[in-house]
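Provided herewith is a single structure, encoded as structure tokens, for subsequent inquiry.
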């Protein structure tokens, strides 16, 4: 018996869509059954590589084809909600490019609709399918770090200024989705500050702080105007600590057996003595996998009921909630926004 | 004619005081004329290296000696104000370890007193005497970076937990004093968040954001609980950008001829076009100087009226104002505090 | 008038051939007019991407097609000579994968044949078409380094053990061809040592030393068994020095204004005083170009007489001469072999 | 009962001598009982820091003092033999700066003399007392690397040109002594090439190759004229591999669980199949110890018969034998010299 290969149409062929198309086309779990973009030239350019695959500038036309069982949406974020709704209503499974939607209300509405229709709704949190994040999840899941004290991420470079979203909506979803995936605890509040130096009010630098019950703090620095590319996350636990440096070619994850031991001592008065623990460092071997390829295959297996989603609509919603709160905090002078 | 060598007494012989003593003793501009610490064992231990230098456990005793023309104070920060006041009232020039005082009011009071008495009051912002910061100041002073868009600093490591101050008062003075020295514009507001995971309420991780008129933003990450030592400052200008990595042995400063050009264009509607500029990188040769030795000699020259202070009481006050506001912001849930 | 696009057939579709095919197919200066490999499965697999392009398992068949005006040969090195000869005799221009041939005699014979036939013969020294080496050549050509004292290259990693050639023939052509391209002086002798730890006599580690008139020395370390990937070349001149680190993502070339000044002084007896010169470092911006794409276009322009070859048969021959001498030196216990 | 502290005189107060003096003076196992240098100014300058310690410009005078039980010799290498002989003949234990002597014959003669007199003779191979090399020795001693295939070391920088020795005698002793300490097998032959660009015939760049029975190869690159400082040793074993990077502040040793597995297979003919093994990396915590302080204390314990020498005269001799052979090989055009 051969597995049924899921028929996937790709909607939106700008920067990311062609990658999705390529990975769908070469997957053993999927078939590329449709290509759709409003821009005729772009559509033709991409479609030329997939002779025989239906191409159309019209979503409704795409959805008329029963071979399109699922749709991967890679359009600008403002259109995610409307297009995903259309696809779900037409009975199609949906994989949406991150960030999932422009508001939590929209995300909730899509989740509700997918559930009602019995369809799969997933979000393209690509990083969670990389070898590095898969290994990070594995390490975190063992509990060997102890209690998580902080998560600190820096994602900066001389980046493409987006015209529709600020740097928070553009870059932070990467780190927020990774954190959402590997951390068990969920944030309770968001504070953010940012500056828009160019581009009519779209922030190009921002700092986001999350609070969790139990004292964990998370912080994200996103910046489109840095002279060097930095992709570093520090994760501090009571027992071990991790540096995840995505700019490293090979040793992306380093696990440090370092920390402090706290001893309450009495010397005149009681006071807290902090002792250092300096141990070995360990860099686990990371499998070299093509993340998008893994994700596309995983999506097909989720649709077939063989797998539980790594990045389901609920994960997409949690990320959007933080983005929405961060934006509101920035508008209100860095006020702490409860989640 | 030989230059008069300034007679300096060192008050406080804990971690930093012995360094001051050594640099005073070996300076061509100073003489070490007194050593003072309340702890008898510590005093004896340090004094053993300087036979013939007056040693005492009592400040008043130190100040009775006319050979002590100036006092370098390296005691815990809570005692800075009282001791500096005593020294100034006794007619002595004063060099205070950073941070200058525990409050801006205290710093202002010392400045006023020193002025009234016609005495030199300086703060030990050691970094501003290093080869790297001297070169950084030189580059910034040329204006070649254009308008400064942001200053982003990270100073983290598995550090000594202090018992009297939190990580903000411990680590941030380094970066705040460097920024105060090389940036012409001064901040208008402060926001800070932090967490105290150990040690009865002293924050061990903190994030500080400064706002300036004109859209410049500055951000500081200080952390005593990081598995690796990071000392990196990114400075973004409209024309050039700098990475100052103090962990580099040689190439501490890198100047990037990179940035964006903004062009207002019309395509249907007006919109802002951001174009990249990718140019060469340049790492200036940095002189290998002993910062504290330079500082001590500079202090003597300032006392003699031959130099204007690089880190005078006013600089110390500006740093303390920010620290004080940061602390208040942390207590008030990250509220923006006007300076 | 439109430029004639050179019709190129690709011969040998193993590891490198498909890259050549892709770059020929997408070049504005060429057309892919034939694909040839003895292995039917491999041929079919590659040909599937180029519908309409003639495919054949037989060289003679390939050469019967007048649309194949030139042949890019990417077969195992032992077959280079025979196949190139066949192509040239059939009146085709030839681009041969490096190393050009197994012996200098073979290379000389091909050069002579191409000249006699008035055909272009080039060698695929790909590195010389990268942005980094192009910039390196540019810097070296200004003479700003002064006299070249040494060239030291390390190319090691956990690499693919070849079955037909040792590590010298596999890795050294990269560095030898770069050096041949950017250095004006040519070596006069070769010494080499190596060890074959596995694989029936094929060396997996080797060290090669070249001597030049005038005291320049060059040294190459090639190793298939290193735990980390290193690609570093140090070039020392009397005035400046360069570090070319190909593992760097961006700053691949660093030019140091460092060196020594030699002064003959007299102090009792005459002696040589060496003084240090420590200056700035400069990392030129490097264009991000696809080397193979540039090379393929350049090949077409050379065939049309519009360009002089960057990596002609003569360059291929010079590299092969060194490889041949290195191999002989290894066989003779590291004896110095005159070139 | 208190341990007798060994009375040590330091002979030669140039660059290294004062370090020896300081570590002897602060050691719990030694006492500094004498300082000797022919240069009056230098002697006075150093002696000023050790009031009460006998100072003299004459070796015989130094040796007349029974409080000088042992002598640490830090004079130019040419004088090592004569001075060490004088000290041993006067019944003093000796610690000689590396390289031990100018010839193997001299080293053998000193060893024989020390044995006959029942005195301790050690060589100052400082690196073997560092935390990093101590840990390296520990790892190597477990045998976890399998058979050692190669040792590759690079020690280059813009270094001090010596007036009395070439770069081989100046820099290679560091790496040769480390290798001698941690590798069980001993080399059987030496080949070396080098160039003297300045300084009347003293080589400033050199490459040394050692052969061992069993196929192990070792290679050393030493260079006084490099724009950057590199201190990297690669050690390849059949089971694991190590990178020892002494320029790293913390993670100086990295142990890689990487390598190749060789399987003899038959496919038509028999051939060797090499399979990769890519595993985790591990960086052991390295103790932060002052090497010279450890060495001086160890020397005292060896003299008292409580310890066996880590760097005895035999180790010094083995290093000198290689240096001597390397020099001879350079003079004879890179000829392989049997040890």
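Side notes on the structure shown:
Think of it as A, B, C and D in the order they're written, each chain with its own count starting at 1.
Following the convention adopted for this analysis, a residue touches a chain if its C-beta (ideal position, glycine included) is under 8 Å from a C-beta of that chain, and two chains touch if they have at least 3 such contacts.
Predicted, not measured: the structure shown is a model, and the values here were computed from it.
Each step here moves to a touching chain, and the least such steps from chain B to chain D number 1. The chain with its Cα centroid farthest from the Cα centroid of chain B is C.
Centre to centre, using the average C-alpha position, chain A and chain D are separated by 53 Å.
Look at where the CA atoms of chain A average out and do the same for chain C: the two points lie 42 Å apart.
Annotation for chain D: residues 228, 278 touch two or more other chains. Contacts from chain D toward chain B in the complex involve residues 51, 228-229, 247, 249-250.
Touching chain A in their complex are the following residues of chain D: 251, 257, 278-285.
Only residues 149-150, 152, 154, 156, 158, 161, 163, 191, 193-195, 197-200, 205, 207, 209, 215, 217, 219, 221, 223, 225-228, 234, 236, 241-243, 254, 256, 258-260, 262, 271-272, 274, 276, 278, 333-336 of chain D touch chain C when the two sit together in their complex.
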